[in-house]
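Both complexes shown next keep chain A, but they swap its partner, so chain B is in the first and chain C is in the second.
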Partner chain A sequence: MPTALPLLAALTWSLLPLLWQLLTSLRTPEALVLQGPSAWLQGWTLANYRQVLQGDPPFWRYLFNSCLVGAASTGLTLLLAIPAAYGLQRQRPALRGGISLLLLAAAMFPYVLLFLALLELARALSWGNQLLALALPYAGLSLPLAVLLLRAAFADLPAELEDAARLEGLNLWQRLHRVLLPLLAPAIASTAILVFLFSWNEYPIALTWISRNDLLTLPVAMARIAGSSVYAVPYGAFAAATVLGGLPLLALVLVFQRQIVSGLTQGAVKG
Partner chain B sequence: MAILLLLPALALVAGVFLWPLLRYGWLSLQASSVLTGLVPVPNGGANWQRLLADGRFWQDAAQTLRFAGLSLALELLLGLALALLLHRPLPRRGLVRAVVLLPWALPTTVMALGWRWILNDPFGPLNGLLQSLGLPAYGFLSQPATTWLFTVLADVWKTTPFVALLLLAGLQAIPSELEEALRLEGAGPWQRLRRLTLPLLAPYLLLAALFRLAQALGVFDLIQVLTGSGPASSTESLALYAYLNAMRFLDFGYAATLMLGMFAVVLGLSALVLLAQALRRRLAEMAP
Partner chain C sequence: MTTAGLHCEQLSRRVGDRLLLDGLSLSVAPGESLALLGPSGCGKTTTLRLLAGLDPVSGGRIRLDGEDVTHSPAGERQVAMVFQSYALYPHLSVLANLELGLEVRRVPAPERRRRIAEVLALLQLEGLERRRPAQLSGGQRQRVALARALLRQPRLMLLDEPMSNLDAQLRDQLRPELRALLHRAGHPVIHVTHDQQEAMGLADRIAVLEGGVLQQVGTPQELYHRPANLFVARFLGRPGINLLAGEAGVQLAIRPEQLRLVESGGLPARLLRREWQGSQQLLWLDTSRGELLLLAAADLTPGEQLQVTWKPDDELRFSSASGERLA
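On to the complex of A and B.
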């Protein structure tokens, strides 16, 4: 079977809905409801972007919030996951297998059903409307996958390497810092990007923890924009928001495609 | 010693996953709503009796199941096709993978909003297409009988890349010599797929199925933004019903009970998938 046709179909299937958003975002409300081929000649505008960027709060604020939460969650997750993965790899096989299985089950868990108890915690600890506090549940939700991925990477390193470093008199921190972690850089990068994507996209917890308009993360802001006018026809501003909200991800995926793919596939091979 | 390195992470994981389940177990035996001033009061098994008799719970369970079932089937099928495609030598491989991954990487709410426009009646492009073919516009999001199909469409669009990548890992683990040997025996592409690729891919298919099943049964963001559970609650999922009870009706005792009910559904179906897989393997071993 030739490759060109299915390839074209796959690319169209992936891109067409996105391109349509781009197109919609560049048209005036009147142009969007016009019919017929002549409609394409008129009604192009950047007003939708102006409207979204000058909103209150301006759209970049949501992007900034999401970036902040994503960075904090990723940092916290790695900080906990790297030592945990090392520790897990050093356990007896039976215990290691048991813990890995539990982590795998947690990684698959439909975490949306945790939101109520987590919201209670946030209220009890006054963590509502604190962006950085989101990093705690996000790290907790990301850790199972992160530990599994990094554990598999530790397992790939030859055991003699660490033994040699130990004979050199390096302590645990030095062995990790100088010998093991540099070799794990690709696995750490893959893990980091997956955790960042998860935090960037997380919805139910951000929805229930954050209510102040200027602290919303991007997914919640999008849902709120959507809920504000359910039956309004002028989708131009919505589309501009989807394009602006999608662009950082587009950049991320283009740059880190290799890390994302290897992260997901490594998780499958050894998780 | 090494166990100490593991403890902080395990503690946080337990706090996020285990604590809520224990808490729900306790809450589900309490009345805790506006009627009790949001103070938990033990009420025996009243929440559970209510759940068993709650027609909306069972209806939502059925709706969630049909959503998850059809999504899962389509995603495995299309994911396999996409993985087979990506496994071939392609020009600009990195770029192709990035483009294919894009739907999966975008926030669900962002593209749910996008799909709402694409499916808009009558101005969306899909209706534009229908009309240019001389057909009447269709209320994709306003027909209680069919709207759920379009929530499946949006879900399949978003998560097929994820399934494809998992399966791609499986394809890459198959030694190419095996495929070559079968080819020399004169097996066609279809036979090679059935006799070699699918059996070796089985563990990956199982993993993808379990993962996607659990996630699809918990569907929330997509439906809240795309249809708002409508029309006439025909796309309401279990997670949305639990959310409604917690945040709108402020009935925490019953919401906790619903969460556990949903957890039981996820657990039961996952066990069923694992059982079916074990049975299939057993039968395959018994066959001559």
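On to the complex of A and C.
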């Protein structure tokens, strides 16, 4: 099987760091620096997990915060992006092209340049330390790409489908709800995952908007674990936090696997 | 003037500076089937979309059973359409495809079930209710699309190239069935095609369109034997009509089946090539009046030098300048 080899190489390339992370999270700090094959027989522990889960606040609190912000950002983004994408697709080609170009420019803009301005905004509106307020900049930053992706998905649907629904008396909402959105499910799922991932990983805005310990999102909380001591890097605890932080994403991808894969390849095969 | 059926007057559609349809006036009676025939880009699909309300009208009026529907939204016209791609909802079963429109129009559930059962029986689709469109054959998909259109209880039925996605054999088989079905339904039917055989097989009358302008409307026989202009004469009939050099300002035309071979006294002709087609054969002849096509019996073995003749009554005479037929 000649195709299996490159596949194996690719899997090793992407999975080995994760495996290493998992192993690190299960070892005592002393065991991590031991050498030789005999080192694998000792030093296994769950203490790292105990440490992060029993911290103050416990680690699951950060997971919950991140899930909440992620769900709110994703929901808000889709709520705005789906009608926007539909509307954009219905425009004259020239206008549609112009708007798409602007959206592309917005999607490519390095958002780190915005975070000071966003911080000022949060201060002025007293959005600091409001967990759900994070969903607003996250949705705003995700929207351009989400609209572009969904617009392309709308464009792939045959126009006659919607015409048929119009003739049958379906109004705009019914056409979207009963005909178009079910057909767009794969594209919506893959867009949702991208938005959720962005919100899950986002650091500078979360760092500057949230200062209360119990409201931190995952990236900020993990950075705090890593920087908790100036004398040592708590590798074990850090690795345990990373593993825990990755679990919800893993679950999400497993659940929506089919939709994501067909969404990512959509258009590629249909030409 | 009767009010039942479809009447459109001076219907036009303009996009930018392009006139896609220019002042189309047509009437179709209930139970009558009209074919819109023409080459691609002639305005036939534009006409259908205007009648369905899918595109806005730039000028003129559409009246349906006496009601002016020119500017009514598509969903309120009670016009059904069978699309070229059939446009079945791919994520829904056959049953759900048929039921969606009824449900949205708030038809009560028992009546929905009764009407769907009726139309499934009529179109011989029983047993396929649970299938998805992707699991149906082309002919079955066409019937589901037709079933969905009939459930609309339309005041006007539109069909856009209903046969173009089927293979030739299936087309010949389905044409009479479709014709019988459409006639029984009792509403005006307009169907668009670029295939003249399909138009003649399905329609009571044919409207020939070219460049957004209606060229002629009439029965297939009228169009074939008394074409209004050179375009209609050349567009209808396979093999195509022969054009002969005539007197100044006049273009003569004669159908290949109206030419006859004679022993003497005809126009001298030289056989260029022939094509045997089973039931008949087609001869290409070179004459002093131009190249001619002649349809001959299949068992004939022609020599190289021939003579052709025809009845002067069969000649069609057109003005060379305008293309209009001269009386």
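As a convention for this text, the second predicted complex is superposed on the first by the 242 of 271 C-alpha atoms of A that agree within 3 Å, B and C clash if a C-alpha of one lies under 4 Å from a C-alpha of the other, contacts with A are read in each partner's own complex, and residues count from 1 in each chain.
Quick note on the criterion: a residue touches a chain if its C-beta (ideal position, glycine included) is under 8 Å from a C-beta of that chain, and two chains touch if they have at least 3 such contacts.
None of these values were measured; they are calculated from a predicted model.
Model built by superposing both complexes on chain A: chain B and chain C fit together without a clash.
Applying the stated contact rule after C-alpha superposition, one finds that A:168 touches chain C and leaves chain B untouched. In the superposition on chain A, A:118 makes contact with chain B only, while chain C stays out of contact range.
Looking at the shared chain after the overlay, A:109 reaches chain B, while chain C stays out of its contact range.
Between chain B and chain C, an angle of 100 degrees opens at the CA centre of chain A in the superposed model, to the nearest 10.
In the superposition on chain A, A:155 makes contact with neither chain B nor chain C. Once the two complexes are overlaid on the shared chain, A:208 sits against chain B while remaining clear of chain C.
Once chain A of one complex is fitted onto chain A of the other, the partner contacts of A:179 are limited to chain C, with no touch recorded for chain B. Looking at the shared chain after the overlay, A:251 reaches neither chain B nor chain C.
Annotation for chain A, partner touching more residues between chain B and chain C: B.
The superposed arrangement places chain B and chain C with a least CA-CA distance of 15 Å. In the superposition on chain A, none of the residues of chain A is touched both by chain B in one structure and by chain C in the other.
The touching residues of chain C, when paired with chain A in their complex, are 52-54, 73-77, 79-81, 83-85, 87, 89-91, 100-101, 104-105, 148, 152. Across the complex, chain A meets chain C through its residues 158, 160-161, 163-171, 174, 178-179, 182-183. Those residues of chain A whose C-beta lies close enough to touch chain B in the complex are 1, 3, 6-7, 10-11, 13-15, 17-18, 20-21, 24, 32-33, 35, 80-81, 83-84, 86-88, 90-91, 99, 103, 106, 108-121, 136-137, 139-141, 143-144, 147, 197, 200-201, 203-204, 208, 218-220, 222-223, 225-227, 230, 233, 235, 238-239, 241-242, 245-246, 249-250, 252-254, 257-258, 260-261, 264-266, 268-269, 271.
Only residues 2-6, 8-10, 12-13, 15-17, 19-21, 23-24, 81-82, 85, 88, 90, 94-103, 105-118, 120, 123, 125, 128, 131, 157, 161-162, 165-166, 168-170, 172-173, 189, 204, 207-208, 210-211, 214-215, 217-218, 220-221, 224-225, 228, 239, 242-243, 246-247, 252, 255-256, 259, 262-263, 266, 270 of chain B touch chain A when the two sit together in their complex.
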